[in-house]
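What follows is subunit A paired twice: with subunit B in the first complex and subunit C in the second.
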Partner chain A sequence: MSRSHRWLIPGLGLLVAVLLLGSLAIGYAPLDLKAALGDVLAGRQSLPALVLLQLRLPRALLGAAVGFSLGLTGAAMQGLMRNPLADPGIVGVSGAAALGAVIAFYSGFANAFALALPLGGLTGAAVATALLLALARRGGGTTLLILAGVALNSLCGALTALALNLSPSPYAALEIVFWLMGSLADRSLDHVALALPFMVVGWGLVLATARGLDALTLGEDTAASLGIPLRRLRLLVIGGTAAAVGASVAVAGAIGFVGLVVPHLLRPLVGHRPGRLLLASGLGGAALTLAADIALRLLPIRPELKLGVVTALIGAPFFLALLWRLRREAE
Partner chain B sequence: MRRFSRLLWFACVAAALAPLPGRADGTAAKPRRIVSLNLCADELLVALADRAHIASLTYLARDPIGSTVAQAAAGIPVNYGLAEEIVPLAPDLVIAGTFTTRTTVRLLQRLGIPVLELSVPTTPEAAAAQIRAVADRIGEPQRGADLARQLETGLAALPSPPAQPPGAVVVRPNGFTAGSGSMADALIERAGLHNLARRHPTDRMGQWSVEEIVTAQPDVLITDAAPGAPPSLAQEVLRHPALVASTARRVSVPGRLWACAGPELVDAARLLADGARADLP
Partner chain C sequence: MIITGQDLRAVRGTRTVLDGVSLEARPGEVLGLLGANGAGKTTLLRLLAGLEPPAGGNVTFDGRAASSIGRAEMGRQLAYLAQGGAVSWPMTVEAVVALGRLPHGDAPTEAAAIARAMAAADTTHLRARPAGSLSGGERMRVLLARALAVEGRALLADEPVAALDPAHQLHTMEVLRAKARDGQTVVVVLHDLTLASRFCHRIAMLSAGRLIAFGTPGAVLTADILAAAYGVTVEAGTRAGETFILPWTRIRTPAHE
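For the complex of A and B:
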């Protein structure tokens, strides 16, 4: 087990690196990657350099960063709530982040003050995570948490649709799909600059909880007796999830199922230790999101599919199978 | 149950129609209660019909960004394309678009209300023909002939195209472009530009990604960025750094100028023709 773990992180890292290159190489117009890279390095303002730097690079970087955020926070939430179904998408954290970002964007606030967009997403995600954690701590188990999450998710979806319908822009109502399904189409380096700092801070906070999450598998009381400050642990996960998911959703919309599927696939490979799962799951999330984003550009379907459509096509059957197994175990 | 509710619906409609004076005279005479279900029909009615004969326009007619007749439409009642709003107005002519408010149109036709459907003209000639046809139908042939001639002479007065037409791409909100066979395409070529979107087949929706726009290397970018428009992702495409960095000349043509058949098509063509020549010797 520890042997496979040793190779797991470098292996996943390599996979993400390959997919990043693939994402740079694949697009809607033919591009000589080597020549483009040469132009970028030499500082030439050529067309290939422009396409690589302003279009392909932000898309690849955001794919990796958003995927990493979703995989990482999915693993952390599942560890903290000790609930296999906790995932930012399913329990409404992404939905709440989308609502926050939508309010910041369509009110025109984000036009006047660019950071309002990620901050809006962060606020939405933080409120939802704190609410869910409070519920999870009061007991009631998986069912209650999932039901509350589903309710929160549909409420946020409805409020997002409402906010967009009330917006004066004639295009706003069509843009509901972006916020509920997510997409990386036509994103720019501005979006990367806006979201990445928040995501990095969020990753740092969540990764710092590894030891605490391991101890928590023994139960809250035992973890506390081992000297784990539980209050701090919860705050770290809430804050980290809010920053990483909030910023992701603010620039790429709510992409579902990544945070659910990836931790489950990788958990057996890390000896079922939630602490070790964090980094592996982040890398796995980055790989899945990049692969999905490459796949939808290769599919001959235009306008291109929303990213959440592809992840849901993979994730939803997986989710149902998981529920099925949980039910069988409960019987 | 379903049959009953349908009966009830017809009873209500019949009650609403019953007190109509002069309906038995037939509808061939000059219509006096005209309702429009389409923005382009709004604009034609305001230009061609007596104001007293317009019973209702669409709510879009009052939008100063999308409509060329926002000011003139201010005092005229508006509708949202619902049959329930239209039937009580007892119209003797309804003008609708071929693609919009289909349910309403079908219902109005079943109730025997005359409906004129406007297609989307894709050439200036078709636009002129549509102006004349609408004018004839509402009993104002002279006004229609004048308006159509205004369009034709305006386009004929455009300067002749440069020997090497600069390549142009239309970038509308959401990355919508104008492919071949569209009115925009016809006007672009008429104005002395070459529409690069003809080269590439666009997708069903006619959208181009920013990558496709940039790599087409247009000399002229024709945008429809309405300054002061409310924030939307659709408008963000126009502000993408890769487009901003492009050295292409920019020509802004408000969408309302080339969305419908009307003399405003000349204004759009003139803006395009100026853009085609901005820095030519």
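For the complex of A and C:
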């Protein structure tokens, strides 16, 4: 293992920690972080303590967890597909989660109680996951599963558009559109408590596939000859991705480009090994999402930009520049 | 490891691609699988590697079914070298070869086994190169090194010399022969009749999914059998006690069922 490999994970971990602190320290109301922390630890119900616990902490934690989920599952999907164009959305779970949330909006449940939205998202993701896993259990190959994901995504996209189309008021439609752009604003610790368990389970499942994804570099037959159970590998990657991304979309909406760009960026730094890329890409995803969420709070634009818009605004040009450089190197 | 196939049948959709094939691969021998394109060589090799259960008949390894041996143990005992050999990510050659040690998970002896495998396949000088920068022949040798790194008791290779220059074709066949001499069971899919004649101990000739001949090269690589299998006439001769065989004219395109 070269020197750069050895320092990559600790370095990324440190970066995530610093950005987490930054996310806690930066916000719209001035906050003395040290005093607030003192109040929280002493159990004092002061205003700084409330701002820290109710506003800053959920936002920072969700930023890290959602980013980790997207980066990790992006790397895993690219490894499973052996294709650098795959992203976590490809299995169709994010579309289904978005649809679930939109139904919660549309039906008015979202106004009745605060967690209806993420619960709707989780339900959508769960239905899609059950469908995919049933297909995988019946022995569907990777291509079949991805095609099913594409079909699922189109169906959910069409139903979401239908909901917008039939929306009772332009205001309701606008609310749905804004939510779909992805954001971490105004989330509470309840959101964290709801989504985090699914994400952690998903991370565990996906991180268990490192060896299998390494072996898959040489094709399915060779991986099988090395003792890798292919069907189980598919179930783990797709089930884990569905859990982590479904929960992410349910609480934060659709945040694009993180799952596609981060694995690309970090792949050369781990010697292009898909197994080693998993954790690095998760940490990289957390760092990018936290950074983007800090950036949009620092920008003098109000109401604040949506996180999904910012990640795409940063991600897409960056991605093009990367492709430009790779192209030059290949020549 | 004795690999035995008994009355093997394989189907693809509604098509029977292998039917009634019985053979045995023994330790210390190189068994060549020959036949025209589409005759069922790769399918047979996959069955013998335990990668696919047969639709009929059974495959045993030292008398045991693959399912009773377990995936991880099979991975340690039997190396499979796939045809064509894609490497999806531009990992270094050394990292690719190291994948052969995956079923072992034995860090202390890993480096030595990898170095041995790379030396045997003449790829040591490529060790730091990214896989994407290799030529087709270099990549095939790297993948051979990957299979050698398993250091199991059987090595099953699907057209390992297809992309190689003449010197490396001979070298690869010598490597396979040496593995057999070390006591491994070697099964190799080949198209070159002379290499088959010179380096295989026994040959299984497939035609349209059936085994039409099984025995020593002298018994199998006859003008009649080659005409039946490939639809060609051959010119043959001997040099220092070894036989060379060249396909010469086409009688017809090979049989399809």
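Some observations on this one:
Methods note: the second predicted complex is superposed on the first by the 245 of 331 C-alpha atoms of A that agree within 3 Å, B and C clash if a C-alpha of one lies under 4 Å from a C-alpha of the other, contacts with A are read in each partner's own complex, and residues count from 1 in each chain.
Keep in mind that, in the parts below, contacts are C-beta pairs under 8 Å (C-beta built on N, C-alpha and C of every residue); 3 or more make two chains touch, one makes a residue touch a chain.
Worth saying up front: this structure is predicted, and the values here are computed from it rather than measured.
Using the contact criterion defined above for the overlaid structures, shared-chain residue A:105 touches subunit B, although it does not reach subunit C. After superposition on the shared chain, subunit A has more residues touched by B, the comparison being subunit B against subunit C.
Touch criterion met: A:219 reaches subunit C, while subunit B stays clear of it. In the superposition on chain A, contact is made by A:190 with subunit B only, not with subunit C. Of the two partner chains, subunit B is the only one touched by A:27; subunit C is not. In the superposed pair of complexes, A:169 makes contact with subunit B only, with no contact to subunit C.
The touching residues of subunit C, counted against subunit A in their complex, run 46, 49, 51, 71-76, 78-82, 85-92, 95-96, 99-100, 102-103, 130, 143, 146, 150. Touching subunit A in their complex are the following residues of subunit B: 66, 173-175, 203-205, 207, 209-212, 214-215, 217, 229-237, 240-242, 245-246.
Across the complex, subunit C is touched by residues 82, 211, 214-219, 221-222, 224-229, 267, 271-274 of subunit A.
Put simply, subunit A touches subunit B in their complex at residues 27-29, 45, 47, 50-51, 54-56, 105-108, 110-111, 167-172, 174-175, 178, 185-186, 188-190, 302-304.
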